[in-house]
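A short write-up of the structure that comes next.
In order of appearance the chains are A, B and C, and numbering begins at 1 in each one.
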Amino acid sequence: MRAQLAVIGRDVSLAFRSGGGALHSVIFFALAALVFALAIGPDLALLSGLAAPILWAIALLSALVSLDRLFQADFEDGSLDTIVETADFLELSVLAKSVAHWLSAGLPVVLAAPAVALLLNLPAEGYAPLLLSLLVGTPALSFLGAIGAAVALGLRRASILVAILSGPLFAPALIFGVGAARAGAVDSPQFLPAILLLGAITLFGALLGPIAGAAAIRLNMTA
Amino acid sequence: MSVFDFANPERFERLARPIAVPTGALAAVLIGAGLYYGLFNSPPDYKQGETVRIMYVHVPAAWMALACYTALAAASAVGFIWKHPLADVAARATAPIGAVFTAVAIVTGSLWGRPMWGTWWAWDARLTSVLILFFLYLGYMAVWAAIEDKARAARLAAIVAIAGFINVPIIKFSVDWWNSLHQPASVFRADGPTIDGSMLAPLLLMALGYTVLFIALLLASMRNEIAARRLMRLEGAPGRPVSTVRKE
Amino acid sequence: MSESRRHNLGLRVEGLAAARGGRVIFESASFVLEPGATLLLKGPNGAGKTTLLRTLAGLAPAARGTAETYLDGGPRLRLDELPAPRPDRRAASIYAGHADGVKASMTGVEHLRFWARLYEGGADRIEIAAGAFDLAPFVHLRAGAMSAGQRRRLGLARLVISGKPIWLLDEPTAAMDAVAAARLAALILAHNAEGGAALVATHDKLPIEAPALILDARPPAETQ
């Protein structure tokens, strides 16, 4: 576990220094909101109704654009060898990399979400359920996304392959995430089942992602 | 068992060659009969009218879409766990066939939806699930296309197939849940329990025909792949240096 | 040997073969890397030096054959004959490849601390590693601001921090000047003196006298 904690500490520290990925994720997240607003038009009522789904969709997209670097950077500079070499169970190290990805790309987006929600005119009662759903659901994206990132490791056009592989796997998290955010805003009885199912998907991702990701990394480490 | 062991594929070739043509012919007969009964020799639906005939193409295709993905995942698991090269070949060959069945299901679903819903595409729960399944197929095939080393591609694609297969029920469940929030119950009910016997016969004929067609295409594709690999091996063999280690 | 030896683990390789992309890279590699010994790994480009090292490090699969660590000293026992579970090669060895394994935006000190946590080496080994590679003049710089040779030295410092008995080094002298190469040679000898073993792929830039393993590419007519 020490080795895994060291990896999380290193990755998060790298992400939050200049040139790191955390700020990029937040900028992309805000930019994507701008793209949606420009495409839909300045109709505040329309934006207000679409704010929660847009926020979830762009949170998903910003996870997607950073996932291809999840293992690739370590692969290129040789430090992935070091991580594999020191892992008693590679699955745990993949889990650690995913946790670090969420801390450095997912969590900043969740924290930036209220500000971006203001731009999209999210109704006041929508904030708490939206933030809760993002907090519970976005880790699933980092966990499940590790599969595609590990499979595409070392390929030249990795980023597009990661997106193609991850997209279908992200569908349930998106569905229950938006479902919970919307249901919570109107005090619908659907909120509780949606947020619980979302949590279940995150836990499931934390199991499947590291197992499949570690298997793919073992194959791709071959020189 | 190693990737160089071609004893198995040779036995496969001996088994597959004599049944290749008969399975193709049988598929043609079954599908021909199914289409005849479905399109000309069955009653129109009291509600859907003549458009119900699209069902005879659509519903078995949707079944095959899922059945092929199941076969793909099963072959991938066998190939991954037991390093069976024939299973890898089977998995790879299954994917495009399954993807075509999936595409047929999507297109015919859309064609059927036009008169029924008045739109080319409705986000019906089943159609949406089948669409996501189509993307799972595309992802699987993209892995094969992206990785040059075919031995590694086989194992990575197997991981993708198995991970995708585990997610299929979750995706299906979430899409059903999503759809129930926004729309009344699915309009698709042609394969429900209310189906009439006169419709069931052509439906089952088509399903059987598709299955035999799948087998015929799979065998043809696998034989092709094995022949191509053997050819590559033969052409690639001379001039390939192999290192040995000696101590000085 | 004396009791001051820290390590007494060797590596026995029998009939090892590796394949990549359906092609056999090398086969029938059989040798023993004894505790306290260095073997140089030589051969033309593409002969499979990197593949052999990565296979031994447990980073890549072998197609055939075995590579096992064994315990030296006292009664000579293979670890797989001991009642205790056999530590796998990865636990016993450390691999340093073509890439330095350093991050451009991390300083030298940060790297050393990270490796100390990763390999569970003591803080005292950080000092020893920094001294061994004379990192002091640049250890507070970001790796991105270091020269290629300095980054190389920093990357290799993890050998010392890891405390692993078996070093598997792939062209460690790349980008190094003669002074640094001599320093590395001295460090490998010191590692040998402690009972540590090293297998080093090198193009004669490492000033060290040691027996060599030669990887030869033979025409396939002779192989079968």
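Operating definition for what follows: contacts are C-beta pairs under 8 Å (C-beta built on N, C-alpha and C of every residue); 3 or more make two chains touch, one makes a residue touch a chain.
Keep in mind it's a predicted model, so treat the numbers as computed, not measured.
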Could you tell me which chains are in contact with chain A and with chain B alike?
C
Chain at the geometric heart of the assembly (C-alpha centres):
A
Name the chain whose C-alpha centroid is farthest from the C-alpha centroid of chain A.
C
Taking each chain's centre as its mean C-alpha position, how far apart are chain A and chain B in Å?
31
Separation of the C-alpha centres, chain B versus chain C, in whole Å, is 48
So, what's the distance in Å between the C-alpha centres of chain C and chain A?
37
Chain A: positions in contact with at least two other chains:
222
Listed in rising order, chain B residues that touch 2 or more other chains are 152
Identify all positions of chain C at which a residue touches two or more other chains, and write them in rising order.
20
Which of the residues in chain A end up touching chain B in this complex?
147, 151-152, 155, 157, 161, 164-165, 167-169, 171-172, 175-176, 179, 190, 197, 201, 204, 208, 212, 215-216, 219-220, 222
For a test of understanding, state which residues of chain C touch chain B in their complex under the given definition.
19-31, 42-43, 47-48, 52, 63, 211-220, 223
Show which residues of chain B lie in contact with chain C when the two form their complex.
2-4, 148-152, 233, 236-248
In the complex, chain A residues that touch chain C:
2-3, 5-7, 9-10, 13-14, 17-20, 76-79, 81-86, 221-223
Along chain C, where are the residues that touch chain A in the complex?
20, 50-51, 54, 57-61, 90, 93-95, 97-106, 110, 114-115, 117-120, 155, 158
